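Chain naming follows the written order as A, B, C and D, and within any one chain the residues start at number 1.
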Amino acid sequence: MDKKIIVLGVIGSDCHAVGNKILDYVLTDAGFNVVNIGVLSSQEDFVNAALESKADLLFVSSLYGQGEIDCRGLREKCNNSGLKDILLYVGGNIVVGKQKWEDVHKRFLSMGFNRVYPPGTSTDTAIKDLNKDLYYDESFTKKAM
Amino acid sequence: MDKKIIVLGVIGSDCHAVGNKILDYVLTDAGFNVVNIGVLSSQEDFVNAALESKADLLFVSSLYGQGEIDCRGLREKCNNSGLKDILLYVGGNIVVGKQKWEDVHKRFLSMGFNRVYPPGTSTDTAIKDLNKDLYYDESFTKKAM
Amino acid sequence: MNLINKKLCDEEFFKTRNEVLESWSTGKEVNLHESIEYLKKVPNYKNFSFVLKKAKKEGVTLVQPRAGVALIDKQIELLNFLSKEGGADLLPTTIDSYTRQNRYRECEVGINESTKENRSLLNGLPAVNYGIKGCRKIYENVDKPVQARHGTPDSRLLAEIIHASGWTSNEGGSISYNIPYAKNVSLEKSIADWQYCDRLVGFYEENGIELNREPFGALTGTLVPPSTSNACMIIEALLAAEQGVKNITVGYGQCGNLIQDVAAMRALEEQTKEYLNKYGYNDVLLTTVLHQWMGGFPADEAKAYGIISLGSTVASLSGATKVIVKTPHEAIGIPTMEANANGIKATKMTLNMLSGQRMAMSKELEFEINIIKAETKCIMDKIFELGKGDLAVGTVKGFEGGIIDIPFAPSKYNSGKMMPARDNYGAIRYLFTANIPFSKDLLDFNKAKLEERAKHEKRTVSFKMTVDDIYAVSKGKLIGRPN
Amino acid sequence: MNLINKKLCDEEFFKTRNEVLESWSTGKEVNLHESIEYLKKVPNYKNFSFVLKKAKKEGVTLVQPRAGVALIDKQIELLNFLSKEGGADLLPTTIDSYTRQNRYRECEVGINESTKENRSLLNGLPAVNYGIKGCRKIYENVDKPVQARHGTPDSRLLAEIIHASGWTSNEGGSISYNIPYAKNVSLEKSIADWQYCDRLVGFYEENGIELNREPFGALTGTLVPPSTSNACMIIEALLAAEQGVKNITVGYGQCGNLIQDVAAMRALEEQTKEYLNKYGYNDVLLTTVLHQWMGGFPADEAKAYGIISLGSTVASLSGATKVIVKTPHEAIGIPTMEANANGIKATKMTLNMLSGQRMAMSKELEFEINIIKAETKCIMDKIFELGKGDLAVGTVKGFEGGIIDIPFAPSKYNSGKMMPARDNYGAIRYLFTANIPFSKDLLDFNKAKLEERAKHEKRTVSFKMTVDDIYAVSKGKLIGRPN
């Protein structure tokens, strides 16, 4: 089986680099082909990297709270750039403050993300989902959870 | 004006002595005639001390949580012993645990206490009320707050 | 008096025992042979003595909450929550205050009302009323060692029941569970009653069952100077060892000055060991416990966390074998199980951050250790002198004469003339030594320390300082300065 | 490069100033003469420099939270709550992340949406967009000194606006607000831009207005060894002093080992002062700030309190002039105002308990201070050597060569080859020194310390330790041991 390609990055004006460095290390170790665009990455950076690398999935981190603004329109931008089937994950501390997780989850699903993770999600959880979504069930996108 | 007489004590199987020693010191200093029966005092001890000293008020402490059981029937015991007009104050940590103060307050008022104080009540508050109830308004008992 | 610090002979012990077991219906259930068999099956991880021994060896500080409610099932639920959710290493069962006064009839009222109203109207578990059946149910339904924590001058029946139920530790002692907890119980009586409790543990030891005993070091929890509580701990440890107790945990309540606190813990362990060895009890395994601040707390929960965490810091830096935890509800009332677990979690986090870290030796620390030891020695010397070599007799006479004088104790057998106050750095000193037989150096030292504070606060040394200090922590400061 | 560590001449400064003020509409409102008059009216109790000076003199540790929301009125409400309910001594205003990247247009979106939804969609206050009018409104409606806290590589316009608005302190510096916060900004540019910010403060000083500057000592907040952050602090202090800054607060982020933490704070203050004196800046008033643990927090609030309180203990024992407070919400998101106040209260309680208490000097503390100073000196010597005596040039070359190497920094101008890890007692050591020019003794020391841990954990020294340590605190331990 070919290695699946993941574009990893921290979106917006967000400089939190520690999680990004660790995710790079861990996802690579788990057998994925990781294209790490690092912190302070715009939606355009994500889309360009995906096009260039023929990525299967965008693994978007947002730690600093402004993720809600930064993530809006990413699905549309992907669609318009011909990345129609690409999977979108988002995680970190994706909104400002301690909010009800159900609401936040819904808000990001309706932006077109396939999976949305709360603070403190372990890398194991992410890897399990990646394996499921990328290897076991290619049609996952359509039935977005 | 004659000094008013207060019977001070800690009711029930309660050994908390620190507050009692301080109350003795502070109430005496504030000009009251304090009869301190100390910790581990039964309802009978309070009533007997009141009869003996012709007290105007019982200043009941309960710190250890079991005050609710210990205090029941004190008013009746006073009535039966001819202490019909005596004022009853109670304070300290009078119930088990952090309960809604309104409920606790009501519960003790309905047992016949004239004033019921929450944890952390300062001695100043108590003295202000004592002055009001014992000197300014002798008929206070009837309109129990 | 025919009190004497000597191992009770079997005849005497068993004679008293019959009376003890007769004193309430549940006493009859206790059968020592059956209990020994029952206790033999206690696995090491549920035995207090073993778990403490292991922690001491590994240099780890264990965490234990206080917790007790009126009903057995609720108690089991509570303990399991504190163990699993909170992460407690050792479990307590706090006994209610009627039991502490041997008023078992009033306990029945408490149990009935608590069942009816479905909330605890007692401040602890009435273990005697439940007897072996109820107490074993608790032991069998938890996964950590269980200890009885109370404040009972005469806890002979309680000790019989809890040990027979697999509770492998009993807190208390003749001074520490009398003077701070009772008004009218003579020391002569409480020493005799605790000799019984200790002898019971000694008897189990002789039958191959290891049990732990823990003198209550915090006493009144209110400005107790370290040498006062350390002297009480040494006395109770010696009295217990004489009765055959082999696993003893001596305690101390956090005062607030970090150096004094660590010094007190070090002095406590070293000096107790010295006395045990001196009197020939070489085979006692000695451990220590730090009580987080035992005086009045602030009502604000965030502030309470600050104190809880600082107490954990003391426990860690002093290398305590265990720490007894307060909760953010302390100022208000018996904590909910969540608040109790939160106290444990804040404590564990602090301990984990400091794991393996000790306070380094410094001039200041050494000095403070020496002061505490010297003060303690003055007291102990006089006690032995008064008892003409007998510690039990000396202790009774010592309290009579105010040689040991526990501040703010309710007992009429305590002199109550000594007054403590904090010095300019928050360490607790003797403001009035009254009859405590300190050397001139030590008297001068305490005096100078308080003068230093008085000068800084521009007032004279007086009882007013003591009162201010009593309120200070609950108002958010360590030292009660005028404002 | 024409970068040089020399006070900007007026001509250059004012030329650049025109460009800066042009860069966004609100810049035009700033008029230095008017601002000087405005600042002259700031009372001492609302001036950062004065309040810090007073605290230093009295040996008191002040408490400051972080706090910033999108809307002015909400910000005022927040600050007053933290001041009155929480008891904060110094007030912040945290700036949002778009402003930090000078993306003022995106700030407009954030302001509009926040107004519409009536909740903050920005992680701080977009001070530049509000301009003098909004910022003065904040200053005028609070009762304590206000500081801007951000993370902005080019904060020239921000500095102009906040100082002109009565905010008497600006956090940051050319290294500390670039390397941990940016990816593509060269040090050459950020040094020049911060020379401007410092010169602005120097200009005010020359006009009789005292302002405080605070290099950000915590950097990436992630396993930064003390000598690395102390070197950055010394450099930024020297660069600021050259531009005429007279009131500087150098900082350090709590690592977790108590002795190392106190040693780092002592070394920081002493060594910065030495360097300032050595280079002729004798009239700088130097104070210190301790940042409570800046790495990942546990989500559990009780555990968070444990860390917060331990950080306060470090601040107190090391005699920090102020402490920056974390909150029980840290792991999850920007705190509610209540959670923020609770962090302050737990901090203040701990400080009050320890008021006047310092860590006593011990062999261990002295040793650790000497290690940190020696490591820092190796770095500083090489920086000056590379710059041929010029600190600005040396710093740029130093980062190029990995002489200073900040762990986990996002900047491409940082080498990123050094790896830190904890030793067996939790102190942070250099696991891979890469290009850091330590003496053989220091290299051996760091190595031995990590070998000691490796042996204890029965594994080899490797990057795996670093990763484990990064997660450790959020999982409730200081050291990431294998389980």
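Here is the rule we use: a contact is a pair of C-beta atoms (placed from the backbone, for glycine too) under 8 Å apart; a residue touches a chain by one contact, two chains touch by 3 or more.
Being a predicted model, the structure only gives us computed values, none of them experimental.
The fewest steps needed to get from subunit A to subunit C, moving only between touching chains, is 2.
Without subunit D, the rest of the assembly breaks into the touching groups A | B, C. Inter-chain spacing, taken between the CA centroids of subunit B and subunit C, is 31 Å. Centre to centre, using the average C-alpha position, subunit C and subunit D are separated by 45 Å.
Each chain gets a centre from the mean of its Cα atoms; for subunit A and subunit B, those two points are 65 Å apart. Touching of two or more other chains is recorded for no residue of subunit A. For subunit C, the set of residues touching two or more other chains is empty.
Interface note: chains touch in the pairs A-D, B-C, C-D.
The residues of subunit A lying in touch with subunit D in their complex are 12-15, 17-18, 20-22, 25, 38-40, 64-66, 68-69, 93, 95-99, 119-120. Those residues of subunit D lying in contact with subunit C across their complex are 256-259, 298, 300-310, 312-313, 317, 341-350, 352-357, 360-365, 424-426, 473, 476-479.
Remark: subunit D residues 96-98, 100-101, 103, 106, 109-110, 113, 119-123, 151, 180-184, 220, 222, 296, 299, 329, 331-336, 339, 408-410, 467, 470, 474 touch subunit A in the complex.
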